[in-house]
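Worksheet: the structure to be examined is printed underneath.
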Amino acid sequence: MKQVIFNENLCKSCELCLEACPKHIIEMDLDRLNVKGYHPAIIKPENIEKCISCGFCAIMCPDTVITVIK
Amino acid sequence: MKQVIFNENLCKSCELCLEACPKHIIEMDLDRLNVKGYHPAIIKPENIEKCISCGFCAIMCPDTVITVIK
Amino acid sequence: MDEKIIFAGFGGQGIMSMGLIMSYAGMMDGKNVSWLPSYGPEMRGGTANCHVTISDEPVGSPIINEATIVVAMNRPSLERFEKDLVAGGILLINSSLIDIGPQRSDIEVYRIPANDIANQMGNLKIANSIMVGALMSLKNIVSEDAVVNAFKKVFEGKEKLIPINIQAYNRGKESINSQFAVK
Amino acid sequence: MDEKIIFAGFGGQGIMSMGLIMSYAGMMDGKNVSWLPSYGPEMRGGTANCHVTISDEPVGSPIINEATIVVAMNRPSLERFEKDLVAGGILLINSSLIDIGPQRSDIEVYRIPANDIANQMGNLKIANSIMVGALMSLKNIVSEDAVVNAFKKVFEGKEKLIPINIQAYNRGKESINSQFAVK
Amino acid sequence: MAKVLMKGNEALAEAAIQAGCRHYFGYPITPQNEVTAYMAKRMPKVGGVFLQAESEVSAINMVYGAGGAGARVLITSSSPGISLMQEGISYIAGAEIPCVIANVMRGGPGLGGIQPSQSDYFQSTKGGGHGDYKLIVLAPSTIQEMADLVQQAFDIADKYRNPVMILGDGMLGQMMEPVDFDNIKKGENHIEEKTWATTGMGTRKKKNIINSLELDPQMLEKHNIELFKKYEKASKEEVRYEMTNCEDAEIILVAYGTIARVAKNVIELAKRENINVGLIRPISLWPFPVEPFEKTVNYVKRYLSIEMSMGQMVEDVKLAVNGRKPVYFYGRAGGMVPEPAAILEEIRKISGGAK
Amino acid sequence: MAKVLMKGNEALAEAAIQAGCRHYFGYPITPQNEVTAYMAKRMPKVGGVFLQAESEVSAINMVYGAGGAGARVLITSSSPGISLMQEGISYIAGAEIPCVIANVMRGGPGLGGIQPSQSDYFQSTKGGGHGDYKLIVLAPSTIQEMADLVQQAFDIADKYRNPVMILGDGMLGQMMEPVDFDNIKKGENHIEEKTWATTGMGTRKKKNIINSLELDPQMLEKHNIELFKKYEKASKEEVRYEMTNCEDAEIILVAYGTIARVAKNVIELAKRENINVGLIRPISLWPFPVEPFEKTVNYVKRYLSIEMSMGQMVEDVKLAVNGRKPVYFYGRAGGMVPEPAAILEEIRKISGGAK
Amino acid sequence: MAVVFQKTKGLTDVPFHYCPGCTHGIVHRLVAEVMEELGVLDKAIGVAPVGCAVFAYEYFNCDMQEAAHGRAPAVATGIKRVHPDRVVFTYQGDGDLAAIGTAETVHAAARGENITVVFINNAIYGMTGGQMAPTSLIGQETLTTPYGRKPGNNGYPVKMCEMLSTLDGASYIERVSVYDVKHVLQAKKAIKNAFTAQINKKGFSMIEVLSSCPTNWGLSPNEALKWIKDKMEPYYPLGVYKNTLEEVKQNG
Amino acid sequence: MAVVFQKTKGLTDVPFHYCPGCTHGIVHRLVAEVMEELGVLDKAIGVAPVGCAVFAYEYFNCDMQEAAHGRAPAVATGIKRVHPDRVVFTYQGDGDLAAIGTAETVHAAARGENITVVFINNAIYGMTGGQMAPTSLIGQETLTTPYGRKPGNNGYPVKMCEMLSTLDGASYIERVSVYDVKHVLQAKKAIKNAFTAQINKKGFSMIEVLSSCPTNWGLSPNEALKWIKDKMEPYYPLGVYKNTLEEVKQNG
């Protein structure tokens, strides 16, 4: 089962993953703040299927927020 | 008048001038010590005529002992 | 007069400027003033606060252990500085970002939805000036003139921001009337 | 016993070794000893000297202000250290290199042409051992055995130099007999 | 020029410029970074030089060069950076080069923290570097005084051909207060010609040498004795202190810099409890002011040294009091600032609950 | 092993090796060059490391690394070089790394000279670096004691996880005396395991960190207080001194290191004139021994501190005596060594020609 | 189900304190991954600098020392000389490594000290709030070059890879960046080479990473990556500057 | 009657304290001659090092400062920033310049500090009695490398000209020697170029002189000259490493 897991409370809203994703499926959740006060990065459930499990998002994330499972 | 003047009390007997002189006319005066306790470099009067005023001795002397006049 | 004010909030909320405006105004009124920022390692994030003393006497310690006024712009600030108020002191709460109340009951509390007002006015950055206005309408710490001049001083080099901030300041003053003093 | 000896001369005359031999010998005899070199900037030339104390008591200051013996290997040394001798002290002069006499008349003076003797023996480097011999024949500061062992110690690693130096030492002892004590 | 609201670090920088300083060398370190930033902005405007060195070691040796070349020169840093300068400072003192060094102290030891501290008192006053030398050490307690003392520091440095240290702390560097620069003598006018400086010989007959080497111990001793004659003069002429409420105090607080301000609050607090507390505030830490102790030792019951350290100035207080009255110490360390209430509590404690 | 005749510098080096030190970092400087030379020769023979660093700054930080990694480590230098180490020393104290630092003092300030001096007393005992920390400072006065104290220094350093300084001077470094290494406990056996050291985690569960940073002032204060608990323990357990002829002395000399030897000669000289002179020789300069003053202050008339400096230890003497008896100072500077006769003269002078 | 990417065991659970989008975080991860992959975490000893990475000792899952500003290579030397069989590395910023620590860096390299240096070149002093670094670009505005860095006053940016490659003790020197996925992967390979050089006892290895400081550059994190590519890379060419991995080296 | 050679006015009357045959003396004379010939003695300010040349302040006939060990470039920077129109030079040994003073040297060069550095590489610490210098050769026996310098323990000799030439601020860098008349004359030309670079405001200039230390090498003065030629020169190739004398340089 394809999964991209965000360890949400580590996210700092830097948007590097967003830019790195070739499928442009990552976005900032502007409706929520995590414990640090940042809008966390998310993939909307409807978009997860577009993920090609390339891992680029995780590779570019400076805060080890992301785990990618294929 | 060709002259090679040694400021004798500055001489430290290092023999660099001796080696540098293309005419091999410089020697150490083993009979005398200068104020510093060194045998000074000299050119015997009979040898001064062989001097070609090249200045090599002065150029190699580390203690500015030598003045060369042509 | 001896006012000891703590301004506190997130970095980026203009906390330091609030303190500066009050300090300048105090100075222009011929008071003794001091302004002391908290300073952390130069990494970003976390809270910011500054201690402002405005007094008729020379200022002793610039560190405020017993504040007469606390302006809390976010929740952690409220939690941290509430206890430093003297009994009867004034607590200003930015109710746009703070949904809890104070623990104490021996202080005067005012809630101003500064961010919401600022949002209405079309510029989130002026929430701080709104709070300064609210504060001034509660207590005439410094003269009106001095505050206006202080705005000019603090925004030196960024003159075009002065009118909107003074406007915000005035809105802040008005806001108090529509507020409820929670005792 | 409390001998305080200053050895002095040019760098290269083996001044430090003279002091070392006496110090080792003293130590081997169970005496308290100290050896203090003068040390200058590491540039060459100039004078060298060392202060040697050999004593039944623990050595106080290793600096000798009042010497019982001065061994002067060159003229500047004589000029510099003559005054440090106690009245009645012994002054040994390397007469090969020193053509002046001492200024004082309250001391015992011995002149040994150490360089000349060394030259005769075919090795200028042993003038120092000759002087040690002369010193020992004047005053039995340490035992004969100890001196021989001290030579062995000081020339550790250069064993082939031991015989000639002991020979020189013995010639030095003899030389005193052919000397004249200038009073 | 009217009063302006300024951070201590900025006031320090501006005062130096107004005192005729046109050469600043430094290296960034918290909590004194505003000095470097201010100098970087202002120096080019007044035709001066701001140079960020590659390290504090290098910076202090640039100061040596520039001061030796005749300039009024300033360097600032904070505790670890000042430690790195100790060799250079000893050289500057040895070669008798005037300059002003400011230490905006933070908590130590080692990397420590960046909150205000006073734990470099020993280093500043006893000589953190090698050899017998003294810095003249001035400790401001307000931003106005920061400005005033910086200007005096340059004059003192020139007068004695000696480095002068301004000893502040992070709080003094970071806080703002109104400051008035009108009293600052504008430097250019009253800088005496430095005939000893290495400016290039030009038409001068004798070459000038800046140096601290002397291999002959007799000559080096002479040099040391001459240095100490200067220090003796300074310890007569450069003593600075303030006394508050000492007239009939039963206990006298001794505090410098920021903490002296806290002490003033304590005096007020104590009054409410009818405890008569006075304050001696040394402004010159070296020379340490002995007079206020002589004036008070006969009637006061005890002294209490308050410091942001584990106890350093207290030794100088003891030396001044010399056993005639008890001397106590209260301190906080690591960036903690003593609170008035806690000091009052300490006063009660050492007074045996008296009064 | 029988007695051997050795220079102080060599004895220091050999004693360190015998105490189990296998890591030496240093940088050449007169008058301690024999240490580097000796270590360069010997260390490879015993499987140890001799490393000539690019500077003293670098060397002290190598010591930080090596000491933090669990090794017994030695560094030596002389005055200007020690000044360069002040930041590093403060870090080592802050991070609680055991090591031994020897300063073979020479005349200052600045480049100064290379003759023996004691003018780094303040730097060593009060903290030449920033922050509140203490070195344990030991001052040998014979070559044998140099060897003995070096060995003790390593044990003390390990016991307290604190740097220990051996404070010698050029004369002590350069002179030879017989020395016996038989009493030195061979280090390898009694070095306790350093469970805190960074040795690589291996099978250890918790990672080890060597550090002096603490940005939270409350935590940093706690760290400071813990350091001072150690220092308090040390000032009870590590006091070392020697008393000579103090029983019914009317004047007591206070002197350490080389000058204490001169002082012993003075005692003899004075006896001839029927002046009863005693000597207190502090061996630990920090902790400074207070006991011998307590023992003598009631009957002695005065104290005279003799130093090869312009007057540094005399402050600690005054603090110990605390006004109960007059304290005098006599010193020579720049590499000059006080002569017995001159000291005697000084004794006569301050005694008002007494006895 | 296969894990494509998960957090390395080379990092502890302590969250990074870095600003949003600061690439210090990426490099930390790469170093940790390399150590995990090489199986050296249990014998690694790292040295943290003074700079934004000052808390690196909290993050790497191995023994750590915190060095004085600039002195990490000296500290690492001390450690390595005590434990020659451990893997010793430093992690340093440009102020730390190329300004105050210049002598320590040069001489660790000259000595061929068998350590690995990870060098974060972000053309600024991050921790102290944005002063000029030795590596700041000509024209760059910083707190201490408010009118832009000018050669006449502030000199020229220092190229550490080029400089250190002139030293015989340097075994592996490479400059990389992390401004996109490709370069991150290349950076990781480089870091692995550097650690491998150490494990093979080749001597001094250093990887210079062109890294971002969005906060002090006044750019968004993604803009900052672009700035690395557009402004820094032209002055600091990427590539391998020294490589003796294949050479059999005499060891004295 | 023509004077072929006489002592330059650039030197005072104080006799050199150097050991017999030490080429420090030759280099002193060359620097002094160059300053005299360029007519800058009255506006020169020199900086002496700590090393055998510590007394250089006595010898040069111009204003002088004595710097702390290794810090001469920093001291010179301080002087030059006060008097940009004066001619400022340092005279330093290899321990001074290439060990303890590495950072100061590198950054004076990187800044393009408009000073001239005369660098005496004698592969040894002369003044302190013959310890290893960073420039000591592999295998060289010194007080601190009694078994010969070994790369594994002591690293490799540092080539300063090569290293500093990588810096954009360096304007003129040349390595010369003084082991015979021809090389002495070449050395003088190089020193003149370096001072000329400064006078023309080109930035940092340095001349490295392979020089002898007969005393600590344990050789006679003439043998020592041969040692320079046979042992040092192969490792330290002579030549111009950087030359912007002809370039028109932008100045920020």
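Each chain carries a letter (A, B, C, D, E, F, G and H) given by its place in the written order, and its residues are counted from 1.
As a convention for this text, a residue touches a chain if its C-beta (ideal position, glycine included) is under 8 Å from a C-beta of that chain, and two chains touch if they have at least 3 such contacts.
Because the structure is a prediction, the values reported are computed rather than measured.
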To reach subunit D from subunit A by way of touching chains, what is the minimum number of steps?
3
When I count C-beta pairs in contact, which pair ends up with more: E-H or F-H?
E-H
Computed over C-alpha atoms, the centroid farthest from that of subunit G is that of chain D
Rounded to the nearest whole Å, what is the centre-to-centre distance of subunit B and subunit C, using the mean of the C-alpha atoms as each centre?
87
Just the number, please: Cα centre separation of subunit A and subunit C in whole Å.
37
Computed distance of Cα centres, subunit G from subunit C, in Å:
43
Among all residues of subunit H, those touching at least two other chains are 18-20, 54, 66, 68, 99-100, 102-103, 106-107, 127-129, 134, 153-154
Can you tell me which residues of subunit C touch two or more of the remaining chains?
40-42, 45
Where in subunit E do residues touch two or more of the other chains?
30, 51, 54-55, 57, 80, 87, 91, 95, 110-111, 114, 211-213, 215
So in the complex, which bits of subunit F are touching subunit E?
57, 79-80, 82-84, 86-87, 90-95, 105, 107-115, 117, 119-120, 122-123, 126-133, 211-225, 227-228, 309-310, 312, 315, 318-319, 321-324, 332-336
In the complex, go through subunit E and note every residue touching subunit C.
3, 5, 30-31, 114, 170-171, 174-178, 258, 261-262, 264-265, 268, 337, 339-341
Residues of subunit D that touch subunit F when the two form their complex
20, 23-24, 27, 32-37, 39-42, 58-63, 65, 153
Which bits of subunit F are touching subunit H when the two form their complex?
27-30, 33, 36-37, 40-41, 44, 50-52, 54-57, 80, 110-111
Contacting residues of subunit E [partner subunit H, same complex]:
23, 25, 49, 51, 53-55, 57-59, 61-71, 73, 87-88, 91, 95, 198-203, 207-213
